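Both complexes shown next keep subunit A, but they swap its partner, so subunit B is in the first and subunit C is in the second.
This part shows the complex of A and B:
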């Protein structure tokens, strides 16, 4: 388990809460214990849909905590409904917004490029979500686009970004379809084009697609890039070229949703305490989701 | 083997009248049998062609667009769309057209009605009566059918489409377009007279037009009642209740249906009864719905959200008309609707604003007014992958609403082709949208 560091500000209560973000590709858990946050990241995979409780169990074990130590659990991400032990489900837009706001308070736009989708979130000065947009039913604006190309070229996903920066002349990838783009890339390589130039064009293509989606909500700096694809420096640079200014990056771009979920969990507890009302707890024991019940 | 799992759900209706629509509109639902009756000519036609003309010539109509919605609801449309694509039609062409072309390809393949076709198919057509209203694929659609699949007479009307910056209040301009409308209608009537072997009976047509007008008055007044809080009727009923409006105008069935629906909704409003007990969000809907998944509206209602008004097929208050000359009354009705639409919609959809007596398309000015009158919290835009015409103005529409602080959700799918549907992704967007509205209310201290 990684020590994430200390969050700015002074917590009112020493509460232990958890945020669970089950994305299409990766599952992220953040346990907030007082002022420190412990994190856990693992692949989601098909079987993890029914095993979210195991991920949380592992995270708790590594933090030397038990499930009963958690005051509140908020689940988010596409798989949030597969977290029956969560007290509340909150959508990833709200969680990402909250997470980013806590880490980078100047953020006005969040662009999240995940494994199978991408989204842009507009925040007002107070950090409240005022608009959002998500990609349509297409993999071309997501991490899957890069995965497909990496597999096709026999490269590691992590290598793509760095290699793309070595390109001298970006070769335009004109197709907006992942499969056709893959063919186009393979075709360019077969024609003897430099791999780095082709990858530069590929990164430009993904960045352009995400940009045109995100611009629908009128991008405003500071723009924060999150999600697994934010770790790709080629995309980051391509996005900056499109925007004409630098983007900000959280320390761990994968975790903003889970951090936001944990923060919202804490805020919900504190609000309940403040209002003197019993906390709405839906939580069942730490066990797997039961479908069709 | 069990039925394959599907994320699509058919709508559960709220009102008795809509649930019992087959009782009120027997000729529409029994049209397959009616076709078999001797002497009845079967016309394939489309929305935009005045249904009153079919009533006047005692012809039975079939609407391939409506058949597309039926195929979509029964999850048959994908197969027909794929057949059309196999024929060579582009997969981003109108899915109503693809569904029809795929159906025809299957008919040709099996030498009759394919077994998967709902309601025993669309029948053996005698003539095609099309319209260029709304978009150009509709204009070429029937021509393509007549060219490739069947040798039957075809007539396409040429809708009046005033330029967006034309002053329609200018009597000279109005008369210019009304002359064109008269000529189009006259040609349509002549075509039908030739097929029917008799002239248009004006006394009979007058009664038909008066019935049509009466039905639309009831329908418009019913839509007005939906301004009530809680809303007495949702989209799951609305999108079935449009059937008489689109296909049965001029029949007594349409009058009876809309009168019954008005009475039921009025009683609900008087009794303070809404579709959902705890209404949290009220929305307008922009665009054709996903016919294969009208259960979406029930799902939204389970979250406390109701759609109170729809842009697609919306009926404005019918104008007062002089029925002395019923053909002229029809011309006047279509024209006045065109003038009204241009006032409220032209800034959104300049090239597709052409006349009809209901609006597949409404403009942001009208929707902005709806926000106040229907007490709406937001707007939902269904961006249709295969209907460019109805999706064109949504960005402008969203921007106008944003200026008055009303959020708009734009999500993408299709009206007929469920392959464009992504359940998890679309529902995630809806949940986000509701959460955003909640957060906005929490800040403002509004209703929750």
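This part shows the complex of A and C:
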């Protein structure tokens, strides 16, 4: 491993760090090499416990780097504990906040809607987390909600949002439970309602659910939407209707957590160098998670 | 120290076998008390053993036949254990009339699975002179019921002696809590919980002796060096039933140490002592009336603490305790379906926000299953508090 900031090591500016965000649905890797960044996004799948190292390997290959080039790895997301080669695990709350702070510094609230949960994070003027709230009990208000509906209607997940915008009158759909909502949607379609109107209601329902949760920490502009669901224009518009103002979107909403993780990794390295502390006790190889350890 | 702590843990793990054995060996009677505010001293003075009935660890299987699904864990679990016969060593059950759940489970329990003595201890929901008189009369009635069960009179001297034994226990537990504040990280939150819960499940004299042994070792032990970025937390809530010890472990595994709490199976159980002089029954009435009130009984402007000047409401109390304990943040544990405490969380949240104490509300429920998800929230909270502390 290269020793940064020490002779004959590399200068701090060339520090290479990685952020690994293992979400319930997508795995995201960001490698920061000095000021340049390479990214990798892939499905998490059921095997993520054993595959995190493969994803990182792919990302490293893309950047023509080896694992030993990485000074520090921060893992985050739902599967962060299954990244045995990470130097530290940090929650997605802190990582999203850090990522958003660097991408969109005017943000005071981050609403992250991921595959299995949603969260709202309140930031102060310095971009530090001052409060957060999470829906971690059920799939309503998460990307899974949209996936279930897309599946049952035989639509592509990507087309749901656009279609919903073509609705004239949103049909009210319950926002409490994904299973019940699916039944409602199928029922409305069977009743001959317009698909676009049903979808408009559905997007409204998901946005309502997330909005009422997020409002518990008192939403303040600017509001940034992150996570896979942020890519859905229907949700974005529905959320803006509830808020009464526009939301901001990072260039790639899936990556904010991994970007934040990489930034935190860099900060941790710099801090360790500043304090003259050894960076880590023990470096573990880039390998799969072993069970029973 | 670990050896002594293991003894307390063993009592909490297997409370009932131990009590059954005690009953066989001594031939004495055991009276169960549901949380909170049952004057154990009266039972003790009648020559019987008071034990607090808490939620068990077994999955609930029989109680759901009788109880609605939004009954709290304590009520469902305690009643379930009763139906399964786990508490058949009890000669009596005292149910304090503090909330609807306890009040109503009493009636069902009495119908299905009564013990020789079934007693509802009605409690005043105010804190004034009229309430004191009422409380005194209720305790008189309770005393008479206990005397009938015990087959003998509770003399003032016996009661004074029992008060003394219980006060000693309270003082020792307070000493333990004081040492926990002074030596953060020395005692785990689970270990402290074991010690307090054991106090509710075994003879006080024996528990007091164990505490003496423990205190000597805790006093002698050095404070462990704080982990980098250590965060000190205060636990609020969980006013009736003990929290899931796994939850406490998660909190502490994420680089936080618990320095104090406001739990019934914690500080609330021994916060103040009974006045040792004067009429002992009156002293008991006054003591139990002035305890930290249950959320059902929150006398918002009249939360009088002995030894404190002026009234203090629940939020002010938590803020003071958190500050005094040196905590960096507060974790509020809300037992699912404890509606009164749920309502109490609203002004508490508001007050903590106003004084800038970071806090996290965690809903605790049986068979959580989602502890992993709770872990993310707790970890994120600890990261947030750490960052604020460093800033």
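As a convention for this text, the second predicted complex is superposed on the first by the 276 of 293 C-alpha atoms of A that agree within 3 Å, B and C clash if a C-alpha of one lies under 4 Å from a C-alpha of the other, contacts with A are read in each partner's own complex, and residues count from 1 in each chain.
Following the convention adopted for this analysis, a residue touches a chain if its C-beta (ideal position, glycine included) is under 8 Å from a C-beta of that chain, and two chains touch if they have at least 3 such contacts.
Computed from a prediction, not measured in an experiment: that's the story for all the values here.
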Clash or fit, subunit B versus subunit C on superposed subunit A: clash
First (subunit B), second (subunit C), both or neither touched by A:128: both
Which of subunit B and subunit C A:91 touches, first, second, both or neither: both
First (subunit B), second (subunit C), both or neither touched by A:274: neither
A:191 touches, of subunit B and subunit C: first, second, both or neither? neither
A:117 touches, of subunit B and subunit C: first, second, both or neither? both
Contact residues of subunit A, present in both the subunit B and the subunit C interface: 78, 90-94, 117, 126, 128-132, 134, 136-137
Subunit A-facing residues of subunit B, complex: 395, 402, 407, 410, 412-413, 420-422, 424-425, 428-429, 431-432, 435-436, 439-440, 443
In the complex with subunit A, residue positions of subunit C that touch it: 358, 370, 373-374, 376-377, 379-381, 383-384, 387-388, 391
In the complex with subunit C, residue positions of subunit A that touch it: 78, 90-94, 117, 126, 128-132, 134, 136-137
Interfacial residue positions of subunit A with respect to subunit B in the complex: 78, 90-94, 117, 126, 128-134, 136-137, 216
